[in-house]
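Before any comments, here is the structure.
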Amino acid sequence: MSVAIKLNGFPCKVDITADDFFFAGLKRAGNTNNAAGSNVTAANVQSFPGVNTLGVSMARIDYAPGGQNPPHTHPRATEIIFVLEGVLEVGFITTANKLFTKTVTVGDVFAFPRGLVHFQQNRGRGPASVIAGFNSQLQGTQVIATTLFAAAPPVPSDVLAKAFRIDNGQVDAIKAKFM
Amino acid sequence: MSVAIKLNGFPCKVDITADDFFFAGLKRAGNTNNAAGSNVTAANVQSFPGVNTLGVSMARIDYAPGGQNPPHTHPRATEIIFVLEGVLEVGFITTANKLFTKTVTVGDVFAFPRGLVHFQQNRGRGPASVIAGFNSQLQGTQVIATTLFAAAPPVPSDVLAKAFRIDNGQVDAIKAKFM
Amino acid sequence: MSVAIKLNGFPCKVDITADDFFFAGLKRAGNTNNAAGSNVTAANVQSFPGVNTLGVSMARIDYAPGGQNPPHTHPRATEIIFVLEGVLEVGFITTANKLFTKTVTVGDVFAFPRGLVHFQQNRGRGPASVIAGFNSQLQGTQVIATTLFAAAPPVPSDVLAKAFRIDNGQVDAIKAKFM
Amino acid sequence: MSVAIKLNGFPCKVDITADDFFFAGLKRAGNTNNAAGSNVTAANVQSFPGVNTLGVSMARIDYAPGGQNPPHTHPRATEIIFVLEGVLEVGFITTANKLFTKTVTVGDVFAFPRGLVHFQQNRGRGPASVIAGFNSQLQGTQVIATTLFAAAPPVPSDVLAKAFRIDNGQVDAIKAKFM
Amino acid sequence: MSVAIKLNGFPCKVDITADDFFFAGLKRAGNTNNAAGSNVTAANVQSFPGVNTLGVSMARIDYAPGGQNPPHTHPRATEIIFVLEGVLEVGFITTANKLFTKTVTVGDVFAFPRGLVHFQQNRGRGPASVIAGFNSQLQGTQVIATTLFAAAPPVPSDVLAKAFRIDNGQVDAIKAKFM
Amino acid sequence: MSVAIKLNGFPCKVDITADDFFFAGLKRAGNTNNAAGSNVTAANVQSFPGVNTLGVSMARIDYAPGGQNPPHTHPRATEIIFVLEGVLEVGFITTANKLFTKTVTVGDVFAFPRGLVHFQQNRGRGPASVIAGFNSQLQGTQVIATTLFAAAPPVPSDVLAKAFRIDNGQVDAIKAKFM
């Protein structure tokens, strides 16, 4: 067959050095000048190949005032955050549809179990930031709103309309916001 | 401490018999007379204790004409379906925000990778049904719309408004539909 | 070295589409015109590459009247079946040498724990069929009788004679049936 | 409910000592005066509770002249043996129905992959013995002949007759040998 | 038997709330007024029961000027650190006996693979601190020097003398420092 | 990129035979004429490729009179030993810094949990030997003294001096012994 193939997972370097286990990309805040008012900078196997096969990764999340890391899931990892700065309302929803939410400030730790929908909302007056640890080299992320309303090709509007109990026009209006 | 505790996972029966590995609960179609027009009957460790520690479960999903199993995730399992009856549009969205969708009919098989948002929409004139296999004794389910708009306590409306780029009133209108 | 090598596991395609997660091969009954009177059609990573790394597979098993899926094991998977048609006597034997057996009919579910010897025997007047779910992309199968009496090269007859407490001639007679 | 339950797995002792990680039960050869002419002495979690949660166990297998460890499987472990004494023909059959067999003597090592049917047959003039390592605290064992012909309740004779392509009388004759 | 037993792992609370997933214990620097000049404050299942079964934990490590987190291993986890303050020389040794070392400052990330000996040494003029993420609810720690020279009962001095190629008197002198 | 890469793990052979699962390298005692007075002969995936993906390996350890297998860890495996000859003092230290030690003789079994520092010291008048089983195809080994005092490049002497509460000169003297 002439089908292009690739390895499962990521290849290993032959000549590794200490630099392969080092990553400077979380030093500075990400640019939060966007619709969500937040930025996720990942230190996972795609940006930091040294964690390949190690089962961990990190991320830095920055939040402008009023910014949010919108409701999302990580299919492959539990997340545990440490607050570097600011005041955040954080929460996740269980499979029994209970919301567990808490306001956290500098130095607080909060855990979001693997695969559950969760969010962080800046509730302070200034910027906020957290360091997140994951038990996967590549946590994967599905931001719910963009997954449903901005996928390519689009999720059929009638599917979303029925799911959210709105009409197709309202679905299309939301989709338009993400273009 | 006097905190009530429970076992991780589920206990084992001491005197097991063949009946523990048998489940008749998928014999009949579930009642689809509800808002989604669908019904999931689970054969997992909660209804079928014999799969405890076995790493598998099943479910039967029935769809009225026009019914849907709305966009949802299973935090702990990949799902693979076999169509028993009808015509369904099925799909999942990847972490790269691509929709993979297909119309399936009787005897077709489709796989939904672990943790990804997916849905099935009845596109035929009559009822539809599928048998789903999971690689977990308890797949867990988060139906996205109810997770976000019908959790208890509720997810703050401003969090949802910002996430979906609608206003608080629109959020509250959706929430009201789920009461 | 010039030894031919291959990857552990199976490669991934680079450009995947919805069709990679779709399989139509279970639509029709397999040909049961054989000694066992049964046919297993697999939807695993060998026939359905899209389940690669997903940890699930399916199979359709068809049984002629009087047919059987003879005693066998799956080294890598628990199996859970849903009966599509007919009446089957199913069973598995535990490591404590207890037989757990049950007669199942349309819509019934039965689970066979990973690695244990199990079988299904058509006990109805007509054909039977089941859909099986596995928690592995490649369950592997060892049909006991062919494993012991039809391997290549053959398992030594005196080993089998002593194991089954029969004489070498009886062993050779069974072997001859499988040629 | 008043159903008796037990823990999944095995409990841990509170006050452990070095003696919990020590086992003297493999010091002496087991009694091989039986039909198979062999004896398996296990150092697994049932006899040696200290390996609980450690993912390993051992066994000593002794073989009288002419004795065998008959074809069997371990659902939960790969086995690797080191020959202490004697000359053994060892083998396993793959899921592609190939027999891999070898004659091994003192100091030789051979590996039997998880879940595959395998055997050891004493081919020397004197006794033989091996030490086996397993990657499970409780490997589980199904001796094929007793699993099929000596289970309680018995596997139906017609199921076995069809599987081994013999008649019911021959099945019953084999069953009688195991009573 | 009347032997006291305990559960493998940790029990689950019945009535969980958001507070179970929240931990404030890393807010403040630990007391580094000790021989190593460092302090590890753990947010693992022993101090933060909410991470039970979640596969993650965190720790805050504080270092006085000149302080160190001495060479140690975590049997059950890879560690990934984010530097909160200061200048640290960090390193681990591979199973091929290569040292991988790096000087890290505020905002840098470094990963220490599971089970390998590693250390952090404050090389700045002021205090330093890091946040560590682990892919285990209970990483476990063996500080090499105390493991070997301060265990109870003591590791025999001649074993250590031969291992470190020093004499028994030198071993005893080191042991005396840890009393 | 022109960075050299390699596969994670080890490749599989295409045409395997029984010889791939056979290893004769543990037949004879290793050469114990060295500083430790011991020799480890490994039957793992590097010397015995047939255990690739099987999750087990073995080793033979020989000890001269007075010899030792010095304190070391295996990051990836629990070890279980069977004594072939001689008298050994064996032990491991827990994460609670307790030493569990025992004198073992021919036929005894002892288990060393994954990742914990452990040792064996010949306490008999003659040579000793053991067979070790591991639940990994490549257990990995860190001999503590050489890891800390003979790594390349060297672990900084002041780091070791502070860790062992000795002075830099004493560290350098130990390092010199390993050159």
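Brief remarks follow.
Here the chain labels run A, B, C, D, E and F in written order, and each chain numbers its own residues starting at 1.
Note that in this section a contact is a pair of C-beta atoms (placed from the backbone, for glycine too) under 8 Å apart; a residue touches a chain by one contact, two chains touch by 3 or more.
What you are looking at is a predicted structure, and each value in this text was computed from that prediction instead of being measured.
Of the chain pairs listed in E-F, D-F or A-E, the one whose interface repeats that of A-B (more than half of its contact pairs identical by residue number) is E-F. Copies subunit A and subunit B of the same sequence differ in orientation by 180 degrees, per CA superposition (steps of 5). Of all residue numbers seen at the subunit D-subunit F contact, over half occur in both copies; the interface is built from largely matching residues.
Centre-to-centre separation between subunit C and subunit D, using Cα means, comes to 23 Å.
With each centre defined as the average position of its C-alpha atoms, the distance from subunit B to subunit E rounds to 41 Å. Taking each chain's centre as the mean of its C-alpha atoms, subunit B lies 28 Å from subunit C. For subunit A, the set of residues touching two or more other chains reads 7, 91, 101, 113-114. Those residues of subunit B lying in contact with subunit C across their complex are 16-19, 21-28, 43, 48, 50-51, 54-58, 60, 78-80, 82, 84, 91-92, 100-102, 104, 106-114, 131, 133-136. Those residues of subunit C that touch subunit D in the complex are listed here as 35-37, 68, 70-71, 73-76, 89, 91, 93, 95, 97-99, 101, 113-117, 119, 121, 140-142, 144-156, 158-160, 162-166, 170, 173-174, 177-178.
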